[in-house]
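Note that the chains take the letters A, B, C and D in the order they are written out, and that residue 1 is the start of every chain.
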Amino acid sequence: MKRIGILTSGGDAPGMNASVRAVARRVIGEGLEAYGINYGFAGLVAGDIHKIEYADVDDVIQRGGTMLYSARYPEFATAEGQLKGIEQLKKFGIDALVVIGGDGSYHGALALTKRGFNAVGIPGTIDNDIPDTDFTVGFDTAVNTALDAIDRIRDTARSHQRTFIVEVMGRNAGDIALWSGIAGGADIIVIPEKGYNMQEIADKLNNNREHGKDSGIIVLAEGVMGASDFAAELDTYGNFETRVTILGHTQRGGVPTAKDRVLASRFGDYAVQLLMEGKGGLAIGIQNNELVAEDIVATLEEHKHHTDLSLLDLNARLSTPR
Amino acid sequence: MKRIGILTSGGDAPGMNASVRAVARRVIGEGLEAYGINYGFAGLVAGDIHKIEYADVDDVIQRGGTMLYSARYPEFATAEGQLKGIEQLKKFGIDALVVIGGDGSYHGALALTKRGFNAVGIPGTIDNDIPDTDFTVGFDTAVNTALDAIDRIRDTARSHQRTFIVEVMGRNAGDIALWSGIAGGADIIVIPEKGYNMQEIADKLNNNREHGKDSGIIVLAEGVMGASDFAAELDTYGNFETRVTILGHTQRGGVPTAKDRVLASRFGDYAVQLLMEGKGGLAIGIQNNELVAEDIVATLEEHKHHTDLSLLDLNARLSTPR
Amino acid sequence: MKRIGILTSGGDAPGMNASVRAVARRVIGEGLEAYGINYGFAGLVAGDIHKIEYADVDDVIQRGGTMLYSARYPEFATAEGQLKGIEQLKKFGIDALVVIGGDGSYHGALALTKRGFNAVGIPGTIDNDIPDTDFTVGFDTAVNTALDAIDRIRDTARSHQRTFIVEVMGRNAGDIALWSGIAGGADIIVIPEKGYNMQEIADKLNNNREHGKDSGIIVLAEGVMGASDFAAELDTYGNFETRVTILGHTQRGGVPTAKDRVLASRFGDYAVQLLMEGKGGLAIGIQNNELVAEDIVATLEEHKHHTDLSLLDLNARLSTPR
Amino acid sequence: MKRIGILTSGGDAPGMNASVRAVARRVIGEGLEAYGINYGFAGLVAGDIHKIEYADVDDVIQRGGTMLYSARYPEFATAEGQLKGIEQLKKFGIDALVVIGGDGSYHGALALTKRGFNAVGIPGTIDNDIPDTDFTVGFDTAVNTALDAIDRIRDTARSHQRTFIVEVMGRNAGDIALWSGIAGGADIIVIPEKGYNMQEIADKLNNNREHGKDSGIIVLAEGVMGASDFAAELDTYGNFETRVTILGHTQRGGVPTAKDRVLASRFGDYAVQLLMEGKGGLAIGIQNNELVAEDIVATLEEHKHHTDLSLLDLNARLSTPR
């Protein structure tokens, strides 16, 4: 083992740079060489590869986005793409690879491992929707970004006695909605894992008004529907002075939180250790505060992300006046 | 002079509470009594009025929104509304009134003064579009909120080589777009005070790409058009991998900046001073760092807000590779 | 069970208000009444007790400090103090009590339970030094506050090629230092759980310089020694252009993070549930993401807080150039 | 005119990078070349000089510190140093120089201009203590950083009924103390431009307590004395439960505010314009919202910075209960 490569793939997430740094620092600290691959698997195939020196990852731990850039590259699902990628890795003398990203990244890591090139995956996505890990790199930051927006919106909601529908990210998973909603004191949280009953929502808002609470926040995960459609549907149940805010891509960037930086650092360090032990085809995660590495096939094909639905009940209990 | 009232009206803006506090503190410090009127002119007419004690404005200087709430109330344009409002003021023994808000608030203050009840207006709106003042309370905070979002979005834009169109508030004035755009390193800023040429914008983005800059930020004031429409139009000029983010109401809330709190405090203090001198019908402002009070009729009917269009040229100079 | 009381005690921590809100909301939601006790055990003995209505905890989830105030009150260690406290509780018809705070608060809760009055403790302190819980309310916010300061200081450290010694809170526990240090990319972290060797520290800084890294950050937990003394000692080993910053009380306040608000909400909700089940003398915590309730005697007398010392090794691995 | 150089000198200030970017961008936009000089005048004399490409200043506008580094270099006060510096400038073909910093930087710019090499100064320091400009680059950010800390401290002050003495930067000028103090709702602000009377301060705190305000914030500029000494002296006048926090170097770093970035951008752009017009020996500033350029000799030797002492009176009026 002499050279370890690293790439980021899929949507960027705050903390990816902290993982890149950790991988590079651990690699260099072990006397090996670290190689960065730009633009994910696209750059791998294209050979956009460079050595990372110790100083290159100085002063990056706090930066959002990814210093290695990212790109979509469905072509890596083909044998041709994979073989070309391995050819490039060999050309640069790279012996193993760390891949940071989500589902697609894991598939890439698996494909390489199957072809005899050890690769491990680090879960990096704001959505927290990756199996076999309690938390992904970027989730905590995205939740706090959404929360900051909700705090701001509540100022206006209260001042003007309005009901705001705040659309947060989360196509398949309601984690961002649940955490930012509870922390933001939302009246109602709507997530894709669970149906909603608009009549019940309207009843709750009406009940709030009867108890003197004349403003409100509904946090809606994008995977359920768009906020404007939701508002239109809700408006057929009464006049709640609804306003809509779609947080959008602001949730994807920004200075990572302490938790995301520590998690990213632990993941990066652990990934190098596994590769040095000759292991590949693994999905790294954190479960019950312990680092784990699962077989990436099982992660991709058998396991599921479990959203903590008890948080939905908690929020209901904490937002119901009598 | 014994009692001075205060109300907030129109859209809420960060720093309104700092003005309420300053009015109340100065009034109480002068040995007079401060009365808060909830829900703007609606609450005035309805008599939703209460005494403000010194401790009531403790710990509010940092809060967004308005502790006195706000509401639309077009009925105050009528003689009936105004007379009813004055009746309530007399009932509570209030001798003069400070009104914090925008255009509509100024009209209310003018109407009261014309009917013999002295009122002065403090410019409070995030849009900075009020004549006779260089800055309004809330503008600096809104710009920094928009800037924070632009900083986050740039992380993703750079990581993914995309062009983001960020829609900021500003129906008639491009001030938020100009300031947040320059500070955010925008490639292009589009404001309602000036037309745009989509071909030139596309040429500029293409020129950027030729010079190696493959991501970009366009800051668009909502008064020009919606960001989605803008993106659709731009897409007919080439493939710029555009994405759209609408910042929306997040710009209206949040902890006010130092500048907004200091400005709000100065305005509130000055408003009380003017009223104690028996003056009314004035629009308070800051010009060249000095507090000023203009005749509110002239402010409303003759003067205009002047957006600093030289900032547009500045941004063009700072974002053009050769 | 009709009335449940709540008090905060010891040093304030961000998220305490989120716990107060959760307790009050759950209590009210169950059809019971919530009573707030001001100034901790001092206010309990003095009878500074008031009913908390649903609206009283509206808009407090995001606020630092504690709306119930806090105070030192060693007198509650005496039988006299405890009996007087129970007398007040009975006078107000309060049937059970939630206590939010650290060690001292737990002793108070235990004393009341031993005298037949059920009380449970919620761990609220920025230091994370309470046994039987992986995390305390306030810790995540304090770490992020310290991290924000470290990020700022690194700007100056890098610009001026200096070594900063940043003193963070933590008298007995190095948790804040470890988390903020790793997340802040510290070169060295010094905590009370482990000795330090100043020669090794100097060697490391010298090695960094030889590898081109001419600025640095040392994060020092206050429990080891003061930062000025540390700098003076380090200066005897070489000229490292040291500067000292003591973060101090800024770490105790501020808007709580999402994680702290969610944790505080879960704790508060769970505390009420336990009391409604007739349980008392329990220390609430979170272990491996699950809510737990331990016998408070065991927590106080037998169990210890375990700082994750593996983080120290992690940081060493990630900060050593070769 | 073909090449324009730029350096930063003295203490770093947020927004310096925005000025470097603006100078480089304007220079490149004009078809000229920009050269960066590392480590201020030390690097100038040592020839640590490099060409700045357009992309080099991409993504730096939001960064604290200075990408050109800074260093003390008293040797530049000598003829030898200056001649050596000019020699280096000629060697690199640099025709004019922009210097960003404070007093020392201006002296350097003056010395070069006197020797026939045109240089202009941009005021960059958090202290706002430079003559001939209403605001310096970095001041607004530093004020907001101090304010953020004061907001946090108030949470604890209120929760524990304590009086905090917060020491902010400002050796000669009380600007940071005044702005952060007013914005932070300080009870008392103490600045070097004006004496203080400890008996009056104690009386005011006592008066506050009599009016029910049992916590407080005193903002103290470091130029008056250290916070610990101040607390010790105050304690001889009564028991105010004082605590001390020294904000220190955290005020020097961080992401610059919108205002600082816009100001820095305008200054940088204007500096290039002046140099292209063949002008040198000028101190750039902003007065009444207009860019100005004063003779740097007059700025250094005749003019003074004027702290707005009316803010002190304002704060007194807004913090006095009756």
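By our rule, a contact is a pair of C-beta atoms (placed from the backbone, for glycine too) under 8 Å apart; a residue touches a chain by one contact, two chains touch by 3 or more.
The chain lineup, named per UniProt: A, B, C, D = ATP-dependent 6-phosphofructokinase.
Only a predicted model underlies this, so the values are computations on that prediction, with no experimental measurement involved.
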Item to check | Required steps from chain B to chain C (each step between touching chains, minimum) | outcome: 2
Checklist entry - Going by the average position of its CA atoms, which chain sits the greatest distance from chain C? => result B
Checklist outcome for this item: So, in whole Å, the Cα centroid of chain A is separated from that of chain C by 28
Checklist entry - Quick one: chain A and chain D, Cα centre-to-centre, how many Å? => result 39
Checklist outcome for this item: Distance between the CA centroids of chain C and chain D (whole Å) is 35
Checklist entry - Going by the touch rule set out above, which residues of chain B reach two or more other chains? => result 151, 154, 158
Checklist entry - Quick one: which chain pairs are touching? => result A-B, A-C, B-D, C-D
Item to check | Complex interface listing, chain B residues touching chain D | outcome: 18, 21-22, 25-26, 28-29, 31, 54-55, 58-59, 61-62, 134, 140, 143-144, 147, 151, 154, 158, 179-180, 182-185, 211-213, 255, 257-259, 261-262, 265-266, 269, 288-289, 311, 314, 317-322
Next on the checklist: Quick check on the complex: what are the chain B residues that touch chain A?
Outcome noted: 8, 11-12, 14, 63-66, 69-71, 145, 148-149, 151-156, 158-161, 164, 243-254
